[in-house]
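Presented below are the structures under discussion, each in the form of structure tokens.
Each of the next two complexes has chain A plus one other chain: chain B in the first, chain C in the second.
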Partner chain A sequence: MNPRHRFRPAALTAALLTILTVAVPAAAQAAPTVYAAASLRESFPEIDRRPTYNFAGSNQLQLQIERGAPADVFASASPTEAQALFRAGRCTRPVTFATNLLVLLVPNANPGNVRSVYSLRSGGRRLAVGSPGVPIGAYTRRLLSRLRLTSILRTNRVSNESNVAGVVSKVALGSADAGFTYVTDGRIAADRVNSIRIPRWAQPPVRYQICAVRRPGADTAGARAFIARVRATRGRQILRRAGFGLPPRG
Partner chain B sequence: MASSHTRARRTGFTALLALCLGVTLAFLAIPIVALFVEVPLGDVPDLLRDPAVRDALEVTARTNAIANFVILAFGTPAAYFLATRRFPGRALVITLIELPLVLPPAVAGIGLLAAFGAGGLFGDELAGSGIVLPFTEWAVVLAVTFVASPFYVRQAISAFESVDGTLTDAARTLGAGPSRTFLRVALPLAAGGLVAGWVLAFARGIGEFGATIVFAGNVRGETQTVTLAIYEQLESNFDIALAISILLVVLSGTILLSYKLLSSWRRSSSTSPSLFAHTGSSSA
Partner chain C sequence: MRTHVQRRDFIKLGAVGLTGAGARALFTAPGARAVAPKPAEDDFAYVQFGLTAELVCEAFYRRAIAEGDWTRGERRRLALARDGDTRHLRMLSGVLAPQGPVLRDDFEIRFPAGTFSSRERILAQGEKLEKLVVGVYIDGVTNAADPATRTLLARLLTADARHLAGLAELAGRTATTSGLQSATFLEPGGLELDTYLRFESFPNGEGA
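And then the complex of A and B:
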């Protein structure tokens, strides 16, 4: 019999331990973890590509941070989520760093023959919108009530997406005849979709707010540096080029 | 001395095994237990009365009923064919049928989108004939059928294969045609295995999420199944999401239990080949 045989359990344990050690992620790098609204998915990495990003619906991110997710920066597509975290003492006072407008996206081929928001009044089309809890969904519903078009959410077949990127992909892949997104999303997917403008007077004010997350072990310095980059001249240029509006400098 | 040494080593080894079992068990059981701890069980029926939950349950029931019917109607003859005929490329065919088992559901969804979505492979033809699948219940049916059918077909093949060949041969010798042999001999003998396979496919269909959300969208009352409802309620009403989860745990537990009962019933009641052949060497 092989004399080594008796050491097998030990060897097995050692092997398991090695696998565990290797599998545990390397120590965090010196860049903050940024939780940001899905509509910032192109602009933020352009401003700074070092942070670890988590793009999703702002409400989903807020929930994750409340449950102790290791975020250092939170950027939400509406003040609601950032202010809620601030009131709970979970982040610094949020500042507005960008604004946005809503548009109606249609696939290039425009199978639903949608010419304006009012085309949706006839009903029977497939429509992608944000679910009520996510900022784009709340903005969309506010917009529709200003346009007196809330009925289109009943007369059309409506898919509720958990964030604005979901709305964009449903339209870009032709699953939906139209979808409400931000003007910046129309630019991101410009090769597959067309944006139909929506009258200014009906636009709800869309404000993006950013704050540094307060939690034990947060990279506060890294978070502050990132926020400063977003609000600096270069950050503002990148946001403007992507189609965002900018608040007055302050 | 030496023997006590050996015994100590053996006890040590058993302790190590038991420790690993304990870790495995705790890891797998804790999330399930946590679901029941997080929300008062008395509230669950009330939470499940939410109209969104009722819609999701109805959609799930309707789509899965159709999908399971399709799976049984097409899967059973297909499995019988594969179990009883040998032909070149058979292994490849079986591999293709089994592929959705290991395919990530999101990939399945994108595949369905590329095939039947607008602008997909058959999207224009379908649209031309007035059939638009995305955002409809039929899209859910397609997604469920795609991901769940391999569970049934795979099991059905082995159920038909384990039917004792001497019995079907006897039926043929006694003058039964091939279709009669299939219906009156092979089907009843394989029934236990077929039901067991169907139970697995059913469970997979109820749990389907990835392909549905990619291909069918999240339309309340049309494509929002219970799993999609959990995903949506997670962000608006965590308690409802928990209540649906508890319902699904109970359902899955029931499914698994019935599968186990069926399997043991099948083992004890299946016809033993040794009754007919003394060697008992008929192919397994």
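And then the complex of A and C:
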């Protein structure tokens, strides 16, 4: 047999191995699977459109990751969920990458005649609120206790939504007279809703945290690259433009 | 904006005031155990207001000390008020801890232009702030549901009333001639406090 022919399969194997070792991680790095809070549904794809995204309530996503869902990155709307995964050894130490404010959304037509958060004291309105287990629900309840307004959850008809997008939909469709969301969600639906500002002194600290998920087969390099993109200048600019607050660089 | 204290509230306030006056002895008495505040749902409003207001007051005293023209004694007096506010902040942060830590970075504090341009303006601004804080604390002592939270608010009220008297004295008046402070409801009090706060990181005016 011609030695040159004998060499060919070996060369081919080597070439294939090279392609596999170089191309597979590159492809993986390009497309990690990102599980992120629903309030990030517009900003994250703008920062990077390549990953596969799963947007939902942070508590639901945490549960899915605990059950072995194939996430590479987890971004939660409060430290509670990311820190719980970290403590369980399921993700790297979370870092804060954005902050937010709460607002009261009302439909453009404002059929409930809601002028301020204090209007809700009179009761009898349809109010969209996140359920207690989801960050927007927990933040809303903290806000109301800081305003001495927890009674409005009893005197109005309250829906418990599983994530912030549900609250926005209810208000935008006119199924609720008002709803508590983040300021960034008010911007997303600005053509259908108006945002009523909530006093600054009573705002609970809303902090978003992100971490790389630890599991067998996780795309760790892709996750790190994505997190770096979110925290880089361009990522921060996009988040800022969307209305998020930014922590100091660190 | 400011409201009269109703008779029943005044009696209640008097009782709490006595508790507050005795609280110091109680907390410092050997073997005495302070009861930690466990705010009822809506009591958090007074704790949160207090924390934010004490942050603003602390920032005010810092700048007043740095930028005002004071004698050594006056400066020491202002520094005592500032240190008192720092202690209050620690207390209130401890109570609020279950709701998530509040950081100084969470708020940017701004005072009206010219606040620190003269001794008179500094003292006027200081009195305005302390009156606001004292007024809302009176409302809190009257309305807080948890007894230990009421006691805490009464202690803070006592301390801030002292700061207010101190500022009046620096302005050449005595506390007795500057009038008895009345309660300020939380809602208008909060709106007034809001005028000192900014969220620097929020663009387009949401935080402005």
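The definition used in the following text is that the second predicted complex is superposed on the first by the 220 of 250 C-alpha atoms of A that agree within 3 Å, B and C clash if a C-alpha of one lies under 4 Å from a C-alpha of the other, contacts with A are read in each partner's own complex, and residues count from 1 in each chain.
Methods note: a contact is a pair of C-beta atoms (placed from the backbone, for glycine too) under 8 Å apart; a residue touches a chain by one contact, two chains touch by 3 or more.
All values reported here derive from a predicted model rather than from experimental measurement.
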Which superposed partner A:A88 touches (first chain B, second chain C, both, neither): neither
First, second, both or neither for A:A190, with chain B first and chain C second: neither
First, second, both or neither for A:A232, with chain B first and chain C second: neither
First, second, both or neither for A:P205, with chain B first and chain C second: second
Residues of chain C that touch chain A when the two form their complex: 41-42, 44-45, 48-49, 52-53, 99-103, 105-107, 186-187, 190-191, 193-194, 197-199, 201-204, 206-207
Contact footprint of chain A on chain B as seen in their complex: 9, 12-13, 16, 113, 117-119, 123, 127, 132, 134-136, 215, 217-220, 222-224, 231-232, 234-236
Contacting residues of chain A [partner chain C, same complex]: 79, 99, 101, 103, 118, 142, 145-151, 183, 195, 197, 199-202, 204-205, 207, 240-241, 243, 245-248
Chain B contact footprint on chain A (complex, rising order): 6, 9, 13, 57, 59-60, 63, 107, 109, 111, 126, 128, 131-134, 157-162, 170, 173-176
